[in-house]
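Below you'll find the structures, each written out as structure tokens.
Two complexes, one shared chain (chain A), two partners (chain B, chain C).
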Partner chain A sequence: MTIDTQTLSRTLADKAGARLEMWLSICSRCGMCAEGCHYYASNPRPEHVPAFRVKPLVDLYKKRGQVDATVLETLRDVCYGTCTMCQRCTMYCPHGIGIAALVHAARGVAVAMGLTPPGLAKGLENALEFGNNLGVTEDDFLETVEWQLEELQEEMPFARAPMDKEGAEFLLTFHPRDIKFYPQNLFNYLKLYNAAGIDFTMSSKAWDSTNLGLFAGDVAKASRLAANVADTAERLKVKALITAE
Partner chain B sequence: MIHVVYNFAVGPMVWLAFTICITGLAYRLIRYRRKAVAAKKGLPGDFRTTWAVRSMLYYLLPLNRTAKSSPWSTVAGFALHIPLLVVAFFLSAHVIMLEQSWGVAWPTIPDVWADVLTIIALAALGFLALKRLLHPALRGLTEPKDLLVLLLVALPLLTGLAAHRQWGDYPLMLTLHVLSANILLMLIPFTKLSHMALFFVSRAATGSDFGKRQVGAW
Partner chain C sequence: MKALGFEAPYWLGRKFSFEAMPPIKVWADCLHAGTLKLKPGFHAAPVTFQDSCNFVRNAGMYQQSRDLMSVVATDFREMHPHGNATYCCGNGGGQGLMPEYKQAKIAALKAKADCILATGAKTVVVACHNCEDGIHETCKNYELDAKVELFSAYLAEAVDLQGN
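Take a look at the complex of A and B:
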């Protein structure tokens, strides 16, 4: 792999915000963050100490981007492979270092260098094309909602599942997995919201509560995905958005 | 010869050390501020001051979850920082030197206290070094400079104690003490030791963030 050094140094400069610079320079690798990490809890290896995830980024900045491909591949493997960005480590860090934010920045470097892991890149493509990361079409979504609503109405005749209704109080969003593989979960959601008697709506276009752009570290795509849902919420004039999980 | 070195170390070098330490840390703080302000331009202010202050307090005192999850390291941390600062500021020899050159003085601690505190601090440094070398996960995480920085802090303590207890050659120990303390001061802004100032900034930033989510500030 050849490295586009210009893109790399531009990305590094873009990401070097106040906090990133500070956090990279004060992480003392004391290892106390390990106590908060579920990777470390299940397998206490040095690579599973959250502070370890900061190393490739420190390395990159110290060498001002003058690195070979193995450094970037290590960065990708460490930052995508050993972190879910849950931020528990920050609660255990005596310095209060936002390790997840650093991992996010490192992933952003990987994205800029074309190193997004293939599975994640595919989901992200789906999300941008279909509005959800599993590539569920609008017809399939509407059909699944209709099907689950019919089932629900057998035990709850008054149940409703409003679609694209303006002025409702809440806009519901779901994990695409629930729609595609576990429609029973959609059934349960609808049952819950109907039983609670809240004024809600769904959107036929923007119902994915996940943001793989954010997870991948791709800020531009993350913004587009977030805007998709946020703009819909504004157009439908809802008061609040309910996200899954 | 040793007197020439000593005179340089307690004279111009002290000025140099404090100048580098203070301007270096000030530069880091100003740089942070400028970058943070530039990034926030045009956005509404959302800093949670109360949460930021609470976050600092909960970590300046052992009132946080880390104190429970890593009790020994927490003890070592306090056993290092408190004696280090108390001895640096309140040792009679230090205050006397300041009084001789600037005419300002404040109360001091008995010298025997200083000895005990120094030994406690050295023991804490020893614990932290051993933990780095023996704890399997931490050993894999440790880089040589992580141990060097502990040595950097240990040297002024060790030589100061040796000078006071008259171990070895007194003029040599005293000169080494002043030299190593000057070097420590000069390196603070450029090493992990910059947490001396940035600890407060980082805790404030994170404490404020936690405040926005209404979780704990610690």
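Take a look at the complex of A and C:
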């Protein structure tokens, strides 16, 4: 792998900010965070100490991006392969260092260098093309809603599933699997919100509130996905958006 | 939740005109307002709850989740640790979409498996789709005799249609 050093330097400069620089410089490798991590609790090895996950990023900054490909491959495997970004370790850190945020920044470096894990990259592509990461079409979405509403009306005749209604209090959003693989989940959400009698709507265009850009560390694409849902919520003038479970 | 609730306003550099809300908050608010009627003690089997990093540790839905559980479950058992200190389900941060790191993920589920086993629960309620897969893999790989159920399904079963 040849390294595009210009892109790498630009990415490192983009990610550098007061918070990131402070965290990288104050981590004293005390190891208190070890107890916070389920990778370490399950399998106590030095490379499972959360502070270790910051090391590839520290190396990159120290060497101002003048590194060989193995450093970047290590960074990718450490930041994607040994962390769920659950933030538990931060509760054990005496400085409150946001290790998950640093891992996220490291993932951003991997993305810029073309090292996004293929599974995440594929889902992200779907999300940008279809508005949801499983590639469900608008027709399929509308049909699934209609089908589950009919099922629900058998036990709850007054049930409704308003679509693209302006001025509702809540906008319902889902995980795409609720539509594509487990429509029973959609049934349950409609049942709960109809039972509670809240004033809600759904959107035919923006109903997936998951964000694979966040997981990948791809802030540019994550922003586009978030904007799709946020702009819809604002256009529909809802007071609140109910996220996917 | 994390993207729209916490990160997106910074990514996009603007404040939204709406609030991003976890489903647990809406259910608990409706329960407290008396608009959502649930059958008390509907679920009798021993049950525990997986606190999700984003809904509990980040969005602070600990009390709301317990308020709902205490209505519908008669034998609720906490994991130790739980709440903000709970161990991750193991499937956050996109782990579900990175098969190349699956072995490391499964090895790291042991901490969670021990917690679930100690409760003796037969059902683990999860309020997040990532947790759903993570806990399912935990039960499968560590041979736990417990099923995984989404919070929405667990509550929807207990909806009191006469009362609503």
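The rule we apply is simple: the second predicted complex is superposed on the first by the 245 of 245 C-alpha atoms of A that agree within 3 Å, B and C clash if a C-alpha of one lies under 4 Å from a C-alpha of the other, contacts with A are read in each partner's own complex, and residues count from 1 in each chain.
Here is the rule we go by: a contact is a pair of C-beta atoms (placed from the backbone, for glycine too) under 8 Å apart; a residue touches a chain by one contact, two chains touch by 3 or more.
Because the structure is a prediction, the values reported are computed rather than measured.
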Joint occupancy of chain A by chain B and chain C, clash or fit: fit
First, second, both or neither for A:Met91, with chain B first and chain C second: both
Contacts of A:Phe141 with chain B and chain C, given as first, second, both or neither: neither
Partner chain in contact with A:Ile26 - chain B first, chain C second, else both or neither: first
First (chain B), second (chain C), both or neither touched by A:Trp207: neither
Touching partner for A:Gly17 - first (chain B), second (chain C), both, neither: first
Chain B versus chain C as contact partner of A:Glu234, first or second or both or neither: second
Contact breadth on chain A, by residue count: chain C or chain B: C
First, second, both or neither for A:Ala34, with chain B first and chain C second: first
Vertex chain A; arms to chain B and chain C (CA centroids, nearest 10 degrees): 90
Least C-alpha distance (whole Å) that remains between chain C and chain B when both complexes are overlaid: 6
Residues of chain A that lie at the interface with chain B and also at the interface with chain C: 48, 91
Chain A residues touching chain C - in the complex, by the definition given at the top: 38-39, 41-43, 48, 77, 80-88, 91, 100, 103, 117, 119-120, 122-123, 155-156, 170-171, 175, 177, 184-185, 187-189, 191-193, 195-198, 209-216, 219, 222-223, 225-227, 229-230, 233-234, 237-245
Residues of chain B that touch chain A when the two form their complex: 28, 31-36, 39, 55, 59, 64-66, 69-70, 73, 77, 135-143, 146, 149, 192, 194-195, 198-199, 201-203, 205-207, 209, 215-216, 218
Sites on chain A touched by chain B in the complex: 17-19, 21-23, 25-32, 34-36, 40, 44-49, 51-52, 90-98
Chain A-touching residues of chain C, taken from the complex the two chains share: 1-5, 7-8, 11-12, 16-23, 26-27, 30, 35-37, 53, 57-58, 84-95, 97-101, 104, 107-112, 127-129, 150-153, 155-156, 159, 161, 164
